[in-house]
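In what follows, a structure is listed as structure tokens, so that the remarks can point back to it.
Chain IDs A, B and C follow the sequence of writing; residue 1 opens each chain.
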Amino acid sequence: MSTIDARNVDFYYGNFHTLKNINLEVQKSEVVALIGPSGCGKSTFLRLLNRMNDLIDGVSITGTILINGLDIYATSVRVDELRKEVGMVFQKPNPFPKSIFDNVAYGLRVNGVKDKALIEQRVEESLKSAALWGEVKEKMKKSAFALSLGQQQRLCIARALAVKPKVILMDEPASALDPISTTKIEDLIHELKQDYTIVIVTHNMQQASRVSDKTAYFYLGELIEYDKTTTIFTNPQKLSTQNYITGRFG
Amino acid sequence: MKRFIERFVEGLLLISGSVTSITILLIVLFLFKEASGLFNKPVIEEGYILVTNKSNPVNELSSYQIKQIFDSEIVNWDEVGGKEEAIEMVRLSDIDKKWSMSNEDISKKINDLVDDHSGILLYLPMVYITKEFKGVILDQQTIRPVDFFGGQEWYPTATPAPQFGLLPLLLGTLWVSVGAVALALPFGLAVGIYMAEVASVKLRNFLKPLIELLAGIPAVVYGFFGLVVVVPFLRQVLNFPVGETGLAGSVVLGIMALPTIITITEDAIRKVPYATKEASLALGATQWQTIYKVIIPYAKSGIISAVVLGIGRAIGETIAVLMVTGNAAVMPHSITEPMRTIPATIAAELGEVSVGSAHYQALFALGVVLFVVTMILSIAVDFFSLKKK
Amino acid sequence: MNINKQQAQKIAFILFRLMSFSVVGVLLIILGLIIYRGIGTISWDFLSQAPEQGMTKGGIYPAIIGTLYLILGSSLFSFPIGIMSGIFMSEYAANNRLIVMIRIMTNSLSGVPSVVFGLFGMSLFVNTLGFGDSILAGSLTLGLLSLPLVIRTTEESLKAVDYAYREGSLALGASKLQTIRNVVFPMAFPNIISGLILSIGRVSGETAPILFTVAAYFLPKLPSSIFDQVMALPYHLYVISTSGTDIEASRDIAYGTALVLVTIVLILNILANLLRRYFAKKVKTN
């Protein structure tokens, strides 16, 4: 069973047909990069996977998306439960105006975890997994805003890990960061892939080639090509893909 | 359980969200409820009647005609559609003086009196009318909408027919408000534009809290200021016969309307996209040319909102106006006369009337007029800004 | 005459600057006069004694206490409802017709003249519900009056919170309500609190709404229940400067009362700014 299985997905933003008949499968512990020019629908597709698009007025979706075999758009599905399974990291680091500890503990607390020892243990684990523990263990009570941008983004990753999701969605997680912080995030993705399935949207093709096992190329709302990353970057089947990765447009 | 609580709180929020709409509905309901009785009220005080000689063809008089007769402005029956004959107007309280009546049977005397004098118009309590009465009781008219909306006199304590004419108060309100906005507008626009476009950040940070403070000072303090500064100034320096005039009200209200006009103008101008300004500057226009040729036209609708809301505030202001305009309820001819506004009338008189009387209802009718006018102004502004979006 | 465009700009800007400073000048004249003439009247006795001799002597203590009661009463009513309404408008209101109507109604309510609130309060609270002239009737009337201000403050403060924080919380499986309670509301709190304080300033200075719902001309005793009348500062100033027993003899008291009122507004303005800064810092550094 695939971890993510999107079948015949169409998505409309008002009357605008944003995604056209998308079919895409992701296996467990894979890292899949979604690439394509601005407005191609890659971010929209990513946000369908944890139903983040529900927050926008006047959108509609057809087709099915299964995550671990479960249809996430079925009426019986509770969105907050789904989002616990499918974590997300955003383009710009968005830690809450709380302490470092409280940021990581937030997801646990809102999901009803009361056990203090368990929370502390999970916070530590998550910060370690996000390779941030060494830098912050002395200042857990300090505001998250005191961290550098790169640290804030790793904090946001730790925050997502704390609720033990199966899938992590990353929406251009390094685009607001400097090169060194970017490298750290990319290293982290390599580490995380042992335990998590990751879907990452990126503008940066080097990044896609460095971090992902598979790459999906979107153009004008269609999934043009989806294959092993090495194949996409060395031997693309479609001309459009080739033009994009060789930098002729986009 | 968690879901249930969430639903419950969301319901609570929805109810709170609609509380302003409910309030508006309640205001409409209660204002109209209290005011509605006005047009069912007799034009003369309840329990009293007007009687004439049986030969007199006139069998009804309007509120204003009665008032004019008792003020001796109408002296002949032919002026109110009767025969050519002088009106002999008598109040019961005059009877002692004129005919030196003592403790005899008043009812009988009244009967004789009305029977003897063909031009008589007698105002008396109903209790004195007996079965043998030979005169004619004038039809009991009720106050008509035209008496209120078209009435030129506000004289709620006049007997026998109190006058509830809206026009002098409405005109007073308009004079004072328009005067206020005319005074405040040039300053408001200039300061708003200056703060948004010209002033340095430092100067703006100095001006902004002062404007907020100007908005925060209570109306009654402005009224007091008007009373101790503006009114004496008009009388002593500009030699007005009285200082308490519409102009004094306009000056005080103008100061009070300034923060509204300044803030809205500034916001409207700040919303002009930077690219629009740059385009003008890049063509060699000076900053001032850019302001009046590009920025002001662009921010026009915002500036119009500022004017309308300024007028709205001025129309509804009560206490400050009450303290400085002199409160003469007469048709005003110039802003340099004492005049009285609608809100000031309500505030000054409502404390003294009995609940449910015609006067009470007339004051609520004034409230309805005020409410409707200000609602129209706010909705017009909303409609304008929503349409623009 | 030839004025080139640089000269025109210079003249216009000088004119604007003069007009701006004359507006500031008016404010300074008003404040200066009231402080200059009022400061001599202020003393501990003035603030702690009841009026005497037809309000030409003595203090304004009952009016200060009455105004405090009205502030408290109206806030108890308008803050919870106004804040919830503001949350609804900002976080739950989709752009449908109902919401457009609610928004127009809220704007319109803020434009309703205060004397109309007075009429309404008299009709509903004093007469129909039988509260009589009382703190309860006056507080409810003032509460309704300040409601649009509280709602707008809350709504605008919440809307100013970056959408990314809501997404961050929702993406962790938090419900909408949890997101509002734990993230959005705390972030908006500094601005909300300063708006609430400014609304108190407005309530404390209103005269027309309390004329027929609560205010007493002279009442040496303090109220003992919410069904009692009270004196209030703005009404007191109105009365002694226009229709007191001896207006000239009351002038000093009037200046003193005006100074107390202005000081309250001034303090609230400053407090609003300080608290906004303090909480903004606290939210950030926690």
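Keep this in mind: contacts are C-beta pairs under 8 Å (C-beta built on N, C-alpha and C of every residue); 3 or more make two chains touch, one makes a residue touch a chain.
Source: prediction; values computed, not measured.
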Set of chains whose contacts include both chain C and chain A: none
Identifier of the chain whose CA centre is least distant from the whole-structure CA centre: C
Chain A and chain C, separation of their C-alpha mean positions in angstrom: 47
Interchain centroid distance [CA atoms averaged], chain B/chain C, Å: 25
Distance from the mean Cα position of chain B to that of chain A, given in whole angstrom: 63
Residues of chain A touching at least two other chains: none
Per-residue overlap in chain B, given as positions that touch at least 2 other chains: 2
Junction residues of chain C, two or more chains touched: 175
Chain C partner contacts - residues on chain A that touch it in the complex: 50, 52, 55, 57, 80-84, 87-88, 90, 92, 94-99, 102, 106-107, 109-111, 143, 145-146, 156, 159-160, 163
Touching residues (chain side chain C, partner chain B) in the complex: 5-6, 8-9, 12-13, 15-17, 19-20, 22-24, 26-27, 29-30, 33-34, 81-82, 84-85, 87-89, 92-93, 100-120, 122-124, 127-128, 144, 147-148, 151, 175-177, 198, 201-202, 204-208, 211-212, 234-235, 237-238, 241-242, 251, 254, 258, 261-262, 265-266, 268-269, 273
Residues of chain B touching chain C in the complex: 2, 6, 9-10, 12-14, 16-21, 23-24, 26-27, 30-31, 33-34, 186-187, 190-191, 193-195, 198-199, 207, 209-214, 216-225, 227-229, 255, 258, 262, 285-289, 291, 309, 312-313, 315-319, 322-323, 343, 346-347, 350-351, 355, 363-364, 367, 370-371, 374-375, 377-379, 381-382, 386
Footprint of chain A on chain C - complex, ascending: 94-95, 162, 164-175, 178, 182-183, 186-187, 283-286
